[in-house]
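The two complexes that follow have subunit A in common; it is paired with subunit B in the first and with subunit C in the second.
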Partner chain A sequence: MTKRYLILEDGSSYPGEAFGALATTTGEIIINSNMMGYQESITNPIYHNQIIVFTQPTIGNVGINHKSYESIVTSIKGVITREYSDTTLNHQHKQSLDTFLKQHEIPGIEGIDTRELAHRITKKGTMKASIVDVDDEHAFDQLNATVLTNQQVSQVATPKPYPNPGNGFNIIVIDFGLKQGILRRLDERDCNVVVVPWDTSVERILSLDPDGIVISTGPGNPADLPKSIIKTIQSLQTQFPLLAIGLGHELFAIANNAKVYKLETEHHGSNHPVRKIITNQVIYVSQAQGYAVDYDSIDRNTLITTYIDLYNGTVQGLRHRDYPAFSVQFSPDGEPGPTIASDIFDEFLENIGSQRR
Partner chain B sequence: MINQNINKVLIIGGGPSKVGQENELDAAVFQTIVSFKRVGVKSIVIDDNPYSIATTEIQPASAYIEAVTLDNVVAIIQNEGPDAILPTLGGPNAIKICQKLVEMKILAKYSVELLGLSKAALKLIGNPLRFSQLMKEVQEPIISSTIVHSNAEAFDLVRQVGFPIIVKPVLSSINSRRTICNSFDDLEIALSESFTDSTLNRCVIEKSIVGYKELSIIGIRDPNGTKLIINGVEDIDAIGIHSGDSIAVSPIQTITDSVYQRLRKATLNIMEQLEIIGACEVSFALNPDNNDYFVTKVTPNYNRGFALATLATGYPLNYVTAQLVLGNGFADIHLPHAYAKLTTFMEPLMDRILIRIPLWPFDSLKTVDQHLDQSMKSIGSAVGIGRTVEEAILKAMRSSQFNPRDVLPNMEELSDDEMISQLIHPKASRILVLIEALRRNYPVEDLSELTKIDPFYFKRLQKLLAVENLVVKEPLTEESLRTAHRRGFGDGMLAAAWQTDLDKVRYLGKLKNSVPTYKMIEPSAGEEAHSIRSFYSSFERENESHQLSDRSALVIGRGGNRLGPNSAADYYTSEVLIQMHRLGYKTIIMNNNPNSVSLSPQLSDKQYIEPIQIGAILNIAEIEKPAIVVVPGNRHYLVRQLRQYPDLKVVVLPPDQETGVTLPQKTSFAMNFFVTKDESRFINTVKLASGKNHELKDISHLAFPYAIDDDKLAGLITDAKELISSSYWKGLVQILVLEDQGLFKVVGIRPIRIIETIFLNRISNVNWIKMLVKLYTNQLTTEDLNKTFKNLSFIPFAEMKPKFPFIDLKVDQEVGSTNQEVGAEINLDPPEDE
Partner chain C sequence: MAKVIIDKMAMQRALTRITYEIIEKNKGIEDLVIVGIKTRGIYLAKRIANRLQQLENVEVPVGALDITKYRDDIEHDSAKETPTVVASGDRVSVEGKNVILVDDVLYTGRTIKAALSAISELGRPNSIRLAVLVDRGHRELPIRADFVGKNIPSAQNEKIQVSVQEIDKRDAVEIVNK
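And now, the complex of A and B:
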């Protein structure tokens, strides 16, 4: 057992035992309270450059399986858990989480009081953290001196377009850090999908002859992206049915003159009641957000709020009054978490269908 | 919103405890009454379980101490005219009664609303046909059985469903022959046997799911249709062993999120279809090879699973459900201040692991077939809660040891043949056999194949063995102490392994700062600010439990249920908590029985879910510094250990009977006294009867009154007082008298035992547990005593009979002894012929 440390910007240090890679890394630390699905979270591109603390007490239980990837490239900066539990390998999981993390150069620390960490981070908000061999002054100096990049999207999004053929509608997915759950849901609906880079121009998208547009999830602050993206969305929403998810939802809101703010307490879990306003139905969905759309900034002549988080009051969904364009903050594909909201993809395809009629 | 038409609800109680039903139903009824009361709704309860806190704490006029039968329920409906009836907390019997009430249109006739179950859900219970219809409606898979008439038909069917399958004869002359077949050769033999057995020459063929994972999920739904999941439970043992006899884990550990989401969705769909208001448990069998699943059971009424869910998550399930059945939605419910906002509405999260180990009655019932199979044989269980699976397993093992001695379990004496046999055909000591097999270096894959237990759990046990090795190899080092603590080893265990005394281990712990940190059992994984006072220990960084009060009483709960007067002891413990609280103490309960009533959050100011072991008690005492430590019931070993710590003011109630009692072989009746240091006062006489010839050890049947001539009684009282004054007993003291051909003789003395104290409470207008608690805390004044005895009165008639588990456990025995009781019933109606 190798002793290593998680150190935080606030000066605290947590000794624990290493698993995964022995790399030294720095990132933003966040709490993930999903009770299952560590593989989905670890491979979700929205966690690019972040260190994930799992409140579920043990991870590794079911190894790594080929059906639970959210991306091929995994770029988180670390995994913190109370306990790493391995198991024997079988045809369903041919790789252990430990091996997987080693292959991807991601360090993990186990044996940490993650409940205390959850208390701390819930109280103090997100902060910088490092996983290091020695928790000396030098390590803290390094941590404090590190400036985290705000170029996350360009680092995780695909640099080149690629297709996922199907026989149905032609959907262009703009990748800001796409999680594969979205592709799986479109695939289940037999869509012909082309994934394009985040900075693809409107002209290029038009040349692909889309039936509908999906603006994907992604990491980071929407304000860090160039204004041209906003212009692209403003143009596309007038021409095609559009579905925006996660970071995409935030960009869609900005494109329609709403404001986005950083949450004091980020939320990465699936236990909040979310109300679908039109039906009054309350559902539980997979949420992972550090930013939210400012409810008061929404121009009610342009946008309708469709979903609201009953716990923290955050806007969870928007719809354009004039165009068949809508968005959700949460992940309607689940992975990890409930899949009850996957009917949003049907709604999107219905929009396309009625547009074509 | 609350349904304004409901002001009075009849709650059907669970009746006497039995196999598969301890005090959890009573705890649920009690908590429901509290919740109803909060919104001004009156409860009426029918129950003949003498050990019911619900019928004790409710207004006496609202408690019907009667057998839970259709006739009695109908009579109460006619008498009381309740607005609604709640059948979900009374077990299968209450459901059956309610099904009849609906069939006979009695509810309609008296305009009594059915609460907690839709008509569809009510019909579903105990009706396999309705179950398969429901599953068809929601398009969820079940194990279907098909009747075949010929070999050809059977072979065709099996080609479709695949092996293994089970063949059963229809209307067999031989009881329940079930043959598992893995090949067409097996099938041919089984068919020829079964067709011969069947009086109709037909067989049932169904897919065998033996070896599948057994999982259950509990959800809750409000009248607005909002549904959330409370928790999931995974049985470590695969299907083939009754779920009640399996070691259970919450949350679910060995399936992926995508598989879990399918089960979650199925659970919610079923609840929607049944229009459940309140909680519902759905059980699944999951094929671990391909993740195909079947729904095996839907339980819309309260059972052990609901009690476990509450303890595991900290979600106030009973309180919330009571509000939901009255018409409130999740958002309308006002919880006590200890809960963070919107707790009712948030899906519970767990940052801890709970493991439940069943307890079997084989020590008290030597003739039972000890092999675990599809019928439940355990009569209790104990839980361990920890931050890791290993820690929870070990704490559950420590909690489930009847004898509170801490010893590293070992099964060296088991031969390899016997071990393999027990791996395949498990017995009660299952977990110890698994550990022993690993000790002998059986490969995990092979063990998993033999037992159908997920390799994940063997890996955890291996980790525990590695810690054990370290402990043995490096006695009294910081490294081994710290590692052992973090994996759930108790100080007593370490002291035994290191052949040193407990204090030395504890001293080392303090020196090296390896001391427990208590974690709150709350449903948000640390994300919300709760101030719930329910804790378990871990050895980590942050301690969340602090001294409750400088005047607190630490009450040591009974732990897992066993045969013998255990449900009575749990009731007694609850009464002690209530009375201590009323006397101004802040009460702290320590227990690990998920089905106990004494862990109801309304009964104490603080709860610790811990093994009942001296080390764990001392750790809690260190934080709480209790003014008094109360040990309800006779636990000689534990009490002796506690008395070694003079700082702990230990009170044993009833007083420890290890020495100083005179017990005759036979006795006819008892005279009860209340004894203070100054005087002894006569309370009453109670008839003691047993199945066998007045043998004291078999006595468990109590009756009141016991008529005796006044003169003779006066003489006996004088004799009795003399005997009492020469003993050192205080409080409730019992003099045993033998009647022989009209002659009476004082033959014994002892403190009044738990079941007889409860009986005394039930038949008189005095709470004798309160009197005892007052006496032992020096708060009983002479005026109190005078007043009590001046106003002392008795009901005209009562008898209390034990319940034995012989039929459930297929034991050929009719008369049982006290230590074989599983529960009791009380009857207050005088016999007709008097």
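And now, the complex of A and C:
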């Protein structure tokens, strides 16, 4: 096996054994603490241009299957694991993770003390990192000189609208780099879905005669998107039942005058207890966030806080006071992770049903 | 044969949605009074009030309304009793309030008409809105609900049976063929 290095912006270097492609890549390094579902994470467009450190010690042991893709374009910049396993007895197994990464030109490194690495990232916050052949001064210079793009959404979101026909409600999904789990949950509920690009105008959306609007998840900072998006949401929320997820939730908050800040350490996992305020239930959900809505900036005359993370206190859900428009920070489709929150899609469709009564 | 049409999760969601819709329509929860009708409506009213308290940290008064006296379709000997809206021993005032009337099933509309008469005898509310868990159709009076958990088109010979945890030990709405 080939020896390669993971180097970080803070000057540290981690040697390990290569798997996947032998490409040299640079991206933001983040920790993912999900115990399962590496395929869902690897293919989730929210990780566009990021290097994922899996704290689950063994990755690769269920291969890659048809059912767990979250997108058709995989655009992460690397996979870091304690141990790569090519052995699989999974019945859904179609190909190995190694083959998959080679096909998509994504490098992986195994044999890294991911616990120490996770500790370092948690302490130092978001950092740039590279996967390289040699960890010399030149490599570090290159890493430090790299400026990462802030145009992630336009790089991963669909450039053209496409339909996913069904017989139920007509749902327009505005794609900011959506994960397919959202479409699966709508498909299970027989929705007639049209996915439209993130910069689609209100007029165009109206021309598709929606029953409800979903604003999707996506990568990056909501502040990097043009203000026209905010105007679009402000207009749509007054006209149709609306569900906003992830990046969509952050945009929905901004559209209603709340502020969004960058978390010092991104949170990707399903180990945080989240309180559903209205019924005082505690649930575990699938979370993947680099940003959060500032609780103190929420105008209580406009928005109601509906979910709160009990571990770090972040706002996990909002609802508009005057319209049937609501949002969640976490992934209600539960891919990967607990599916308990998937009835949020029922809640959304019942909002539509109630409006049409 | 009983067929479950609203299970526990769906009932929770319905009450949650109704709660949010009350906030939407009422533009806040000032001067709100929730009045549950007879047995099961009272428990549903309490659940809605609990949700409002969780969200807004404000205790909304909940009243219980016995409308037997005002029913025009039942023979009874309680005709001399005065109607009351009672909340844990205290009478709840409806004068100038925004009343949310809560019942489990909306059917002919006669119960609601009776409830409206009972309330109007107690005072003059600013507004009265109606929330029901199930609207099964077959109205005999011009009455409609403002908040509906679920519309269940039903046949006259079917029975809609609502069970609530508090007295029936489970949450469900079922259709029973007689």
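Structure notes:
In this text, the second predicted complex is superposed on the first by the 353 of 357 C-alpha atoms of A that agree within 3 Å, B and C clash if a C-alpha of one lies under 4 Å from a C-alpha of the other, contacts with A are read in each partner's own complex, and residues count from 1 in each chain.
Criterion: a contact is a pair of C-beta atoms (placed from the backbone, for glycine too) under 8 Å apart; a residue touches a chain by one contact, two chains touch by 3 or more.
The structure presented is a predicted model; accordingly, all values stated were derived computationally and were not measured.
If you count the residues of subunit A touched by subunit B and by subunit C, you find the higher number for B.
Of the two partner chains placed around the shared chain by superposition, subunit C is the only one that A:Asp322 touches, whereas subunit B remains out of contact. In the overlay built on the shared chain, the residue A:Ser68 is in contact with subunit B alone; subunit C does not reach it.
Within the superposed three-chain model, A:Pro336 lies in touch with subunit B and out of touch with subunit C [touch as defined at top]. Of the two partner chains placed by superposition, only subunit B is touched by A:Thr55; subunit C is not.
Using the contact criterion defined above for the overlaid structures, shared-chain residue A:Leu148 touches neither subunit B nor subunit C, since it reaches no partner. In the superposed pair of complexes, A:Asn280 makes contact with subunit B and with subunit C alike.
Of the two partner chains placed by superposition, A:Leu22 touches none, neither subunit B nor subunit C. Within the superposed three-chain model, A:Leu208 lies out of touch with both subunit B and subunit C [touch as defined at top]. Contacts of subunit A with subunit B, set against its contacts with subunit C after fitting on chain A, overlap at residues 280. Contacts from subunit C toward subunit A in the complex involve residues 9-10, 12-14, 16-17, 19-21, 23-24, 27-28, 51, 54-56, 148, 151.
Across the complex, subunit B meets subunit A through its residues 224-226, 228, 251-258, 260-261, 264-265, 268, 291, 330-331, 342, 345-353, 387-389, 444-445, 448, 454-456, 459-460, 486, 517, 519, 524-527, 540-542.
Considering their complex, residues 14, 31, 33-37, 39-40, 55-58, 61-62, 65, 67-68, 82-83, 85-88, 92, 111, 113-116, 118-119, 122, 269-273, 280-282, 284, 310-311, 334-340 of subunit A touch subunit B. Contact residues of subunit A toward subunit C in the complex are 277-280, 304, 306, 319, 321-324, 326, 343, 346-347, 350-351, 354, 357.
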